[in-house]
Amino acid sequence: MPSSLSLAAEPDRLLPAEPGVRAIARDLLSLVDSLPIISPHGHVDAAVLAQDTPFPDPATLLVTPDHYVVRLIHASGVPLDRLNQGPIANADPRSVWREFCKAWPLFEGTASGYWIRSEFEHVFKLDQEISEATADSTFDALQSRLSEPAFRPRQLFSDFNIEVLATTDDPLDDLQHHAAIAADSTFRGRVVPTFRPDAYINIAHPSWVENVDRLIGTAGDGAAGYAGYIRAMENRRRYFVEHGAVSADHGVRTPLTLKLDRSDAEKLFTRARCGEWTPEDRDVFEAHMMYEMARMSVQDGLVMTIHPGSYRNHHLPSFEKFGGDTGHDIPFPVSYTEAIRPLLQDFGTAQDFHLVLFTLDETVFSRELAPLAGFYPSVYIGAPWWFLDAPDAMLRFRSAITETAGFSRSSGFIDDTRAFCSIPARHDASRRIEASFLARLVAEHRISPARAEELIVDVVDRAPRRVFKL
Amino acid sequence: MPSSLSLAAEPDRLLPAEPGVRAIARDLLSLVDSLPIISPHGHVDAAVLAQDTPFPDPATLLVTPDHYVVRLIHASGVPLDRLNQGPIANADPRSVWREFCKAWPLFEGTASGYWIRSEFEHVFKLDQEISEATADSTFDALQSRLSEPAFRPRQLFSDFNIEVLATTDDPLDDLQHHAAIAADSTFRGRVVPTFRPDAYINIAHPSWVENVDRLIGTAGDGAAGYAGYIRAMENRRRYFVEHGAVSADHGVRTPLTLKLDRSDAEKLFTRARCGEWTPEDRDVFEAHMMYEMARMSVQDGLVMTIHPGSYRNHHLPSFEKFGGDTGHDIPFPVSYTEAIRPLLQDFGTAQDFHLVLFTLDETVFSRELAPLAGFYPSVYIGAPWWFLDAPDAMLRFRSAITETAGFSRSSGFIDDTRAFCSIPARHDASRRIEASFLARLVAEHRISPARAEELIVDVVDRAPRRVFKL
Amino acid sequence: MPSSLSLAAEPDRLLPAEPGVRAIARDLLSLVDSLPIISPHGHVDAAVLAQDTPFPDPATLLVTPDHYVVRLIHASGVPLDRLNQGPIANADPRSVWREFCKAWPLFEGTASGYWIRSEFEHVFKLDQEISEATADSTFDALQSRLSEPAFRPRQLFSDFNIEVLATTDDPLDDLQHHAAIAADSTFRGRVVPTFRPDAYINIAHPSWVENVDRLIGTAGDGAAGYAGYIRAMENRRRYFVEHGAVSADHGVRTPLTLKLDRSDAEKLFTRARCGEWTPEDRDVFEAHMMYEMARMSVQDGLVMTIHPGSYRNHHLPSFEKFGGDTGHDIPFPVSYTEAIRPLLQDFGTAQDFHLVLFTLDETVFSRELAPLAGFYPSVYIGAPWWFLDAPDAMLRFRSAITETAGFSRSSGFIDDTRAFCSIPARHDASRRIEASFLARLVAEHRISPARAEELIVDVVDRAPRRVFKL
């Protein structure tokens, strides 16, 4: 049996067990483990960095905002209110932390468990095991750390060696925090906004009509109706570009795309504003707007990222009580092949258009994404994320796509996280897995050691810069 | 090359080849290889244990009732009647055995081959190789064993170290054999019935009307129609609970669930009893009854297990001649996410409700089951079974679910077998694979050795007790 | 790090990294690496062998006709006309070669990269690395080789140790080249045609009406309409059988099969000839004709191979400019279970009927193909091909099917290639992977060394002969 050294401190963690392959992986990893972090998509709040607000407490930092963590504690029988979810959250953070500590053994083998353990070891240098018995003492230890200057967001940003961090933002956000960060010469990181117009495109969104009214009123250049809507989208995208945005992100229900006639689109838009629409209208309008968003991306250069296939807020009673993003978005089957075709007919070979396709349905990797990205210059294969940004899943991803599409057609790692302190652990895990995959190919004489050394740098560092135009 | 030692006697069989990982796996296996067998779902006939009837002959014990074995011999060109399938089975068991021996090389690499080889080695201590040439002598050797007292069902039950064995039973079964076993102080095993109402729920079942008439007449408390039907279901479930049942099992066509209005359900039920129904009615009624079954499970505590997605009796000519369960149930694609939602809205967080979701479509593991069980306290991930209860498939299963749902959300091994003598081999294989999977995580520093030692006991022993309330 | 020996010359290339497993794999490989090549399905032009025409130049031989290669270069941003695709191809082959050399690094980790590297090493003994810098010198070196007698098609055929090579042919092809080859006693290879009637069955094919007119006129025995059509199909199949064909191949849109009434089929056929058909008619007629083709196969003995599930010519602008087979056929989800049932009801157990089912959707392997082939004597599991004939994908295939269906129910390797010089590399890779998979099972004590030695010969050599009646 291996020693009981802290797992997160193990230099060979996540690397393949076979000693020969592990040695190769270790060498490859050494080429990238100190490279800066490029995070082209995530959910950290720019205000946190602009204002450099200290993090309040361990539970509010590490548990409450992290769906991955909340959901598994909930599955063990803890109601969401005891995890401070939703608008009426008023539990004592210490009691939330106790729930987490009690549930900690459930995280063995999970990606979240790996990240959190890494944070304790590498960020917080916590010297106690997490357990029900140590709930209070670990809370206190972490709370004490968080009050130190070294644990302020900007210092962590710097210590984490983050070069670029993209946030995710409402189209009408004034991006003041991004502007403040950019204007602040004492802060060297690059924090860029991302245009995320879902709530203005999904006509089933509870406040869609209100959102659209505000959008047209704010940025429609005086035009009304559909014309004003499209104009406003273009204007706000330009505003985002001017504030450093490199991509527009789309969380859609299905991968469908459609090119409606202008007049059909107008009619549908008008009907929807009156609240007269069917579920099919919903999908059709979203599909049409994906076509429009692609058209705008071809013009303004924003990289387009799409991630369909999640049934949002699956448990209605929880949604009604606690709101969205509380751990019950559940994937369903997806197929891009026919659905994305209308968009690709017109933009699949468009100059400098980058379209990154994500999936939560692994079957799509070998069947569709590798073949699509292996032909269309515009298409890039989105890295495995959400439930799939875990060691085994990332290895399955590389195995599924590489033999068809090679290494040049994938997006590079996407951390997609709200959990700021988990960013280094996530990128570290990804780099270890890339090294592991390449090491196997080297050991099987499928790639030369010299090329593997180039490729590890390419997939970790150059791919996200290239794909996201950074 | 390794030696030609009998494979089934190899202490390291099924363990990973890499010596370091194998050593860890061996240590983990040693913690569970002598634990009792918990079998919460299977198809052994309780009468066999109640009456302790000697097994008739090797073919009737090992070949005829085992679809896994029959189907592959059939695929090699042997008609089903030569394998004693169906009501008119009248082939000489010895000739069936010859067909099996001739086909034996086809089983290399299959799960069935592994189990049977284990039975020969560990149960029957057979000292000859199976081959066309040894068909008669192996038949005689096994026949001779089966006449010994040591090979009577109860003695084997005890030698197999089975603690709990669940059978699968018709709702109107009087469970006399279970009662007899429970009343017999000379027999220490626990043999519990399972409520399996498919033939009373699937309105396309050839004898559904007759079944329902009998059900209402027997247990409807005098109520007629749908009210009597529901009442009778509740009553028979209670009868099963009183006889030790812990679960109700549902082999449904699709994973659909629906909550019909009482009056709609009544109308549909009434129409179906008159034989006036469409294929859609069939699915809708089954979906509604799954909702009702969940409601009853919340009340009476029976664990609910669902296994959709098999096209039953795929080859109609074979079905017409030989009946069901003759090897041609073929899986098709399944998605739980939207289908199971109506049930989960109302019962997904119900106190002490346990819902075990099985699948024959592996894509569901990472895409749906791990996310569902990682949020809903009621949902457990059914172990891979049927075509998937094999070493590689079980490893794919653990890899697919663990990073999202950890180890606490799966059901524990399910042998689901009619082949009584294969039970030890099946559980042994499962334990070896659990040890193999955990050993890899230990070797990759993803789980500590100490936690792996706890987890192997948990997944082998505690999980089935916890999930099936044993 | 391993040495920088040329990868393609590494004796252990593709074999597993773990030394013990590798040693077993090496021993198994030694039993098959000099066996002759059996290629029961591919796209080499018989004229090339009949006329023994020298290959014109490296680009026209290795790049232009190979979709795998063209598509990935296109994805990197090179327009198809610069790769000499389509009717107006008029780029200088040397400039095509330069594009290839520039794009060569993109092929790292791909199956195509592996094959091409093998060709350079083993066929052309090229002693320079491919790179932008060596584009001209490698072009010249290869061009010089191609002018030598040793690089004429027949000599290569012999040097490649090909025993049987099947081509893919139009039903109205006169098969003169096959006849010439068969009549030529100086050539010892067996080159057999394959009946491929897609363009006569798919009513959406641009020249379907014209094709059908020619078919009926040529081979309808004077009968008109549907009767003449069916008669002509039967006659042309017989003609193919007489010229050595062993199989009929069907590239269909979906796996659907249907048995239409004769009169319904006639009506549909007649409507389609008048151009009056819907997309549904298209699928229905194709489904019906698959039933008819199976019926004919039962009569004339041609092995039936089906490969559905590819969206052909996905990028319409590229298709309109460059024609079909230019790298943008994209797979979509497929399910055989219900779709193939009508055909299997009537022919699933027919004497000597062989039906090989291929898929580009990997989910079908464990869910459907292994269960189907594990029951129906007529069904064989098609080897992974197209995007899936690569090392990792082939290992996933074996892992997915073997535990249910063993080794006897799969087709043996299919190279399916237009790239004549890649044939040895493709079969070599397949043999290495078969050895790797079996070696793991031996190392895990799941198969004995002695049986593995038999199985490697069976899957490499006997399976294709058995399944394709060679």
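In this document, chain identifiers A, B and C correspond to the written order of the chains, with residue numbering beginning at 1 in each.
Everything that follows uses one rule, which is that a contact is a pair of C-beta atoms (placed from the backbone, for glycine too) under 8 Å apart; a residue touches a chain by one contact, two chains touch by 3 or more.
Note that the coordinates shown come from a computational prediction; the quantities given were computed from them, not determined experimentally.
Participant: Overlay chain A and chain B by their C-alpha atoms and let me know the rotation angle in degrees, rounded to the nearest 5.
Facilitator: 120
Participant: Same or different for chain B and chain C, when you check if over half of the residue numbers at their contact belong to both copies?
Facilitator: different
Participant: For chain B and chain C, what's the span in angstrom between their mean Cα positions?
Facilitator: Their C-alpha centroids are separated by 39 Å.
Participant: Could you list the positions in chain C whose residues touch two or more of the other chains?
Facilitator: Residues 18, 333, 363 of chain C each touch two or more of the other chains.
Participant: What residues of chain B sit close enough to touch chain A in their complex?
Facilitator: Residues 18, 20-21, 24, 27, 333, 335, 337-338, 341, 344-345, 348-349, 363, 366-368, 370-377, 379, 399-400, 402-409, 440-451, 455.
Participant: Taking the touch rule as given, give the residues of chain B at its contact with chain C in the complex, in rising order.
Facilitator: 1-2, 4, 7, 10, 12-19, 71-72, 74-77, 79, 105-111, 113-114, 311, 314-318, 327-333, 360-363, 387-388, 390-393, 396
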